[in-house]
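For reference, the structures are reproduced in the following blocks.
Each of the next two complexes has chain A plus one other chain: chain B in the first, chain C in the second.
Up next is the complex of A and B:
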């Protein structure tokens, strides 16, 4: 009689989703195995649109998975391996209990192992896909490389992580792919660009393992992630190395090896020597093919087009950026964290070394007269060479982020450092831009040679009777002017640039001076300037006209859109207001700082 | 026949080869009767024959009959100088070459292979069938049977069954090696041929969600105030953020405290209140019972209505009722029909209604979409526990040292990664499972011990 009633929960969300416990029953594996499988295969829990329907009428919070995902998991051959492993453990336990040592041995020899190659290929069908997902991978691998090998970390994960991370860093050095470095309170952020993919990762500072700080982290889960990422990074490294024509596993160049053999090191076993040398990052890698000279690229047909010209200029800028530290010979003092510094210096074409007693792989000694910069983080050096700059480590990172060599005098030992700005912030219109950043961007554009803040600082320092800052400043200014000219010339001759840079460094040499020179009489700040005629500027006139036109355009906005426009402009105004607030705050702060200094000085006197 | 021979030979001297033959003592020949078989067996000497046969068997076991062998294999012309042989160095070498006695003992004598199992007679149906099958399989698929492999002394790698162990440890996962692999169709065909079944289809999974379960970036860079040497403003902003999250935390804590706080003392229950609560309903109970009793009595006093004959519905009445019902039904049906017919005239109004409905729907959809986009960067609810945002890392103004040497890092990268995975909906939020409490341990004093007291 009655219609056939459709039963509830037999279609739709109720069948499309499956709870975690039901999924485990479906796959017939244990919960830890299920977790591992999901991590390896990239299957994540889902939140159904309608939880009540998916949960068959119950509103209890549960973890859901897509039924399709679980069906897909059930075809994974690794599940069989999990089961085999379970059987293996049972057998092993039994053999142990019976004290059958021979059987234990044979069992352990035939321990079931699984490979993840097919999963990686499945999850990342192309190499670029893998590169896109490298952020997480690098973070975890670099992190695990710093851990002690404890029983919580299975296998030899730590050693493998360290191995892979060193290989990856060596590749970055060889490819000169580093773009940004940021020293944060958490760790060091690096950004690189490989095959058009931007990858950012975080490396902790090298301090001891703090178990308390990560007490509520599920270590087992993280280890599963690492297990997958180790395999992935292995394949990625191989591909990256082969793409550059380098040996994989990495080999040192012949000269580097020779040096290695000469240096009978007490640091490690002979078998570990190459690995340690690689980890030092100071030696270059051997390539499979004899390396062609750098400018062996296909010359493109020349088209006179504004866009191609722009692209060309951009490319040249990039090339110049990659050679930022070319010709620099940096010596790293022992109190400075070595790895990040050597990594950055070497990634931009510089050379780096350290004291032989610190670690192996040092390429030159402190007494080398050709050293241009010595990185130190102490208020004062014991012995000083006239031929080099002594600077604090921040200079290197700031140079990388500014994409240019910054004046060194802000970074001399004992000097209060300028702030280390984050290169990852993008300022929009109306945002508050700190004066340091503003000065930097002006300098980058070549508008300004010395920044406003430092000038102010100079003034105050002059008041404080510091030595011959003004003279120094002028010289630096000259140099920067030259740099400007260089940039203009860039369009014509790229090849000469390297030479020029080397020359520049040489030219810089005589400027260097000792810190503890006898102070001279300060040059007075008063000057007589030539008067100027007050013309009506053509540009200001154009500006005014533009402004009027804009006002008219605003008037012409239809009523329908007016509200939106007003909303937008209000938002903008608010932003500007906030920015202004911050600037005034800053000014006040600086003023108070100055007053403090003055008071201190007075009290000292 | 052989037996008679042996009996004769038994008389022959045994030490014929010796240099000094002993004079034969011709004793009295013992005469025994060999009239029946058992006596014959008992008294005939067959030792030499057995020795000979033993020797032959030994020869067979240790490399074949000496008599059948070619001379070259038995003898060789000794061209070596004996003096040379005596040289101490050569002697030493010889010693080295010679196997040790202990090895010789262990090595055993036989070269004959042990008998293994029972082989079915050659040419029997079972063997033939097996061979035929193997041959067929080999022609079809190139599979070489186990027996044949044994015969040809091929291992599984040489027979092409297994791939040789990984020679190249490193290979290009994304390279062109994939071209050599058979296509899926070919694989299917092969599978069908070998097993006689069709393969189970593996579901194809789109990787879109797997790649991006959240719109958040994989690595979120810390606020610029989190620089080890930040600008004043950035640092202030970061501190402001920290203050806000701290405020929220304090507020939540206060709320919880407020909700679980005890009421003020004057609202607490006094002794009298407690007594009252305990005796609730005890004192008034008697009265109520009385009342109830009365009620019950009252109910009982009302007599039940009797069914009278005239109350019964007559047939006529029933029919009329039915007719009336039918009429009413007809009426309502007519009315609905009429309304339906008249709806043609209402077309405009209906259109309007539909439009309004659709508009409402659209608006609702829009609203939902908006909410979804708003919450896109928030973690989803994936388990019983809500995701808790970690407290932002920051340094106080006095903690900022300004140099890398004196600087102390804040927070943990591992925790940061773990929380990031949870924030991006890759991991569900979990609380560490507490170990289930086993039963409380119970201590029992045994009688024997109880009886012994120290204070005696």
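Up next is the complex of A and C:
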């Protein structure tokens, strides 16, 4: 044939991807500069579909970038700035070595700097894109705000991070956008919703900088990220503030200023006072327009439609949630971390203050009689006011996550706190649900208005008594149950492991039901049990048939999907196993608790 | 001159200083013999290097008497001094002396020129009558030396004996003056040699700190000191002009504080480009579960074995990066040690981790199980034996059902082909084919009534003459319409033979002979073509025959393996 043979590796994956070293050669920059450029421009390696083709037949492990990405990088004006900086450093070194101090000064004055504005616009063409990517940004900025200014961290990053984080928190307070808070062992997770985007970030507990823990951390890489994130968060803050009609370099309301000016503050310099006041989060922000007392509400069209009704209800719920702490006057004791508490309280419409000697911006004193709650983290208060509740900080966060005010009794100082549950867990079918969560959801639905936990405790006590009364009978019951199970086990012996598991779970259900039934039925009636036995047999037979049909159907899964099916079923099995483990653990725990109680009661007697 | 002399003495004294260390106090006390003896003995000890110190001293004594007088008389000038010495030592030498002008200029570094031997040990001259050479090259003779007695007498008589020193270079005795003794004493006491010198004189500052009325210098000031410089004025006016014209601007302090503005002002006009579409956003971090709480439910707390296992496991193998722990109060929660590290790793992931868009199967395992019909829905099954077709004496190899479903044909190893009525099980026809029937197929076309049977290497087309009369007659007609083509070009070793006579009566219509045994025969859906399989046929293992034209063709030039079975697609022109 006259047609020329097509050469290998001259099109397709081999040219669409480029290895890192070749990319560096292509761009004519050093590796650290390349890294920095990638961080700033948001260029990341790609995993080619066929690695061997992209690698021109070699199977050596390499990282690949898209050729298009690298071409895009080559047009970046910042590369020139990198080169200028290199020249600048050389000149500076020379001037230093020659002890030409005047030249050093002029050089340093004309140090080349670059702006990242255009990169922000390129990477996030719309505001929503920026919000979508805000998680990592906030985490890092809030972390850097806690650092000391050391040699590792260039420029005044720490100060800027602190400013931006305070500004962001102030916005959240003003917009009441906070949704969830979670106290973890790592730090405090906050979740907010802005323009339909859910943003979650983590703030460490405030402790000193631990240099030993960050021994193998390269702060330069982090600093590159922070450099970008600072610019990004600045623009995001600007947009957020303007969208709410607030001044952007945030201004406090006139009253807030006045209040503070009255007192001589010994906390900081006059120049720092505004920033500190802002960081206190206690004062509200001034808006550009004179604020309307009535908020402009977007009225939904008047259609008597079920959907609009639902939407309306949803909106009302949302509004009620935003006003969760309305009317609450919270005083924060000095041993409690102030910032998270004030941030949370203020985000839900409450008022918060603290001792004047702790920090600036306190709005009322401890002696104020109108205080409704005082947050304290000590087992006992020195002096107690009768007009307020003394509670532990967890109450606030649990209230936020439950979207309702929880009874304060469980959170009194010195009391063993109920577990703090993560609000981020979504329960699917078959997942383990902690009993506390179940109680909470019941309470949320309004089914259980009373104190669920204490009721449960009562019930359990009653049960105990019953148990003691009808111990013998129950023992007989147990034996019977065991026998039944044994028989079933014999049947199942030939089945493989997985099947057994399925069976066990299926079997579990009726057994459980039976246990529930036990206290209801008069324990002396033996006939009921016989009837159940028959029922059990019938159901087990049906189950067995069903299970056989299922097994047959599994056999019919095409080969293509068999592997996927196995993977999925394995995952499911693991999940089930974990859930089971958790339930057994819980049961054991409750049993031990009961024993403890019993012992206590005995000793009391 | 005095200084020169002093230097000369200092030299001398350096050599002989040790002699005088104890001498003056002795004399001050008394001129005792014993004391003098002791000093003598000491002398000898100290001057142990010299071989004849005593004899020399004696000699010197005599001269010393004259010398002392002389030196006191002519104390001041060096010229006189030297002449005095010369006079005292020997008159003959005095004549040979160079003119005294020579010493008028003198410097401290000048060597001693009375004796020119230089810096050598003087004992080398011990055996000679002379002690060296003077500047003119004449010998300097040793002065006359008295014996021990002279020495002793000198010691007794001469009150200046203690201050008499022998000059090593000339060998003469020199009597030290009071000033010289003072100097020696000063040095011995570690003080300045000059007694008059006061190191602690009060400091008089010439330029006092107090303001004086009169100037130090009385020079009138220059004119230029009070008239402004023209050059400077020119320069300044130039600068001022430049500033006025706006050519020079004051340097602004650089403001590195970033400026923020509404960067997303008109982002609703944005239309996503290709780059935006191919972007793969980094997956968000997993949200924390109950186990990460500072106060988790009790079931999430790890047991002791789990803690142990966690501690022993490699950090990469751990399912959780942390151990759940319960704190009973918020104030007791410590800082999380791995916080910064975790953030750092996330940063690394963001820019180093290769990204790929992956389709996640959003299904559960349950969704993958196909819905099978329940066995109950499939009923009724044929559960009972209804018809038995009896008649074959050997195993039945193949059966085929007529497309209408009325007839059934079966081929057997007993070399017969039997036609059955399906519903009744009655054998309607038996055909002896003279060979094992391997395959049989009923023509799927309902308009014709034909059966193809395989016997060894032959395909036999049979018209069973069953069912509709019109149909089987038309079939015969169809077969009879065949006309042999003019040019017979059969490349294939296939022989078509029409059956005649008795065979024709039994129903056999065509015999197609092949070179090898045939395994299978199958019809095309239209009923005109049929295919056969000859596994041993090599390249001709599959053949397709056309019934109406009695033609054969070989569809595959080469078969990749042993063909076992072929089948026509029911509607499309495919052959499998």
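Definition applied: the second predicted complex is superposed on the first by the 446 of 605 C-alpha atoms of A that agree within 3 Å, B and C clash if a C-alpha of one lies under 4 Å from a C-alpha of the other, contacts with A are read in each partner's own complex, and residues count from 1 in each chain.
Keep this in mind: contacts are C-beta pairs under 8 Å (C-beta built on N, C-alpha and C of every residue); 3 or more make two chains touch, one makes a residue touch a chain.
Values in this document were obtained by computation on a predicted structure and should not be read as measured data.
Participant: Could you check whether chain B and chain C clash or fit when both are placed on chain A?
Facilitator: Once both complexes are aligned on chain A, chain B and chain C clash.
Participant: Touching A:117 in the superposition: chain B (first), chain C (second), both, neither?
Facilitator: It touches chain B and chain C both.
Participant: Per the contact definition in the header, classify A:61: touching chain B only (first), chain C only (second), both, or neither.
Facilitator: Only chain B; A:61 stays clear of chain C.
Participant: Classify the contacts of A:221 with the two partner chains as first (chain B alone), second (chain C alone), both, or neither.
Facilitator: In the superposed model, A:221 contacts both chain B and chain C.
Participant: Quick check for you: in the superposed arrangement, does A:564 touch first (chain B), second (chain C), both or neither?
Facilitator: After superposing on A, A:564 lies in contact with chain C but is clear of chain B.
Participant: For A:109, using the defined touch cut-off, is the partner it touches chain B, chain C, both, or neither? Pick first, second, both or neither.
Facilitator: Only chain C is touched by A:109; chain B is not.
Participant: Of the two partner chains, chain B (first) and chain C (second), which one does A:335 touch, if any: first, second, both, or neither?
Facilitator: Both chain B and chain C are touched by A:335.
Participant: Can A:550 be said to touch chain B (first), chain C (second), both, or neither?
Facilitator: The second partner, chain C, only.
Participant: Taking the superposition on A as described, I'd like to know which of chain B and chain C A:71 touches: first, second, both or neither.
Facilitator: Once the two structures are laid over each other on A, A:71 reaches chain B alone.
Participant: In the superposed arrangement, does A:436 touch chain B (first), chain C (second), both or neither?
Facilitator: In the superposition, A:436 contacts both chain B and chain C.
Participant: Where on chain A do chain B and chain C both make contact?
Facilitator: In chain A, positions 43-47, 63-64, 68, 72, 117, 120-121, 124, 126-127, 130, 132-133, 135-136, 139-140, 143, 182-187, 189, 200, 204-205, 207, 210, 213-214, 216-218, 221-222, 225, 234-235, 238-239, 242, 248, 335-337, 377-378, 392-394, 416-417, 419-422, 424-425, 432, 434, 436, 582, 585-586, 589 sit in both the chain B and chain C interfaces.
Participant: Within their complex, state which residues of chain B touch chain A.
Facilitator: Residues of chain B touching chain A: 170-174, 200, 202-205, 207, 209-211, 213, 217-219, 221-224, 226-234, 236, 380-384, 393-395, 402-405, 409-418, 421, 425-428, 430, 432.
Participant: For chain A, which residues are in contact with chain B within the complex?
Facilitator: My answer: residues 42-47, 61-64, 68-69, 71-72, 75, 117, 120-121, 123-124, 126-127, 129-130, 132-133, 135-136, 139-140, 143, 182-187, 189, 200-205, 207, 210, 213-214, 216-218, 221-222, 225, 234-235, 238-239, 242, 248-249, 335-337, 377-378, 392-394, 416-417, 419-422, 424-425, 432, 434, 436-437, 582, 585-586, 589.
Participant: Could you list, by residue number, the parts of chain C that touch chain A in their complex?
Facilitator: My answer: residues 251, 254, 256, 258, 260-264, 267-268, 270, 272, 275-276, 278, 280-282, 284-285, 287-290, 292-300, 303, 322, 324-325, 327-331, 333-344, 346-348, 350-356, 361, 363-365, 368-372, 374-375.
Participant: Taking the complex as given, what residues does chain A use to touch chain C?
Facilitator: 35, 38-39, 43-47, 49, 63-64, 66, 68, 72, 109, 113, 115, 117, 120-121, 124-127, 130, 132-133, 135-136, 139-140, 143, 182-187, 189, 200, 204-205, 207, 210, 213-214, 216-218, 221-222, 225, 230-231, 234-235, 237-239, 242, 248, 335-337, 377-378, 392-394, 416-417, 419-422, 424-425, 432, 434-436, 549-550, 552-554, 556-557, 561, 564-565, 568-569, 572, 582-583, 585-586, 589
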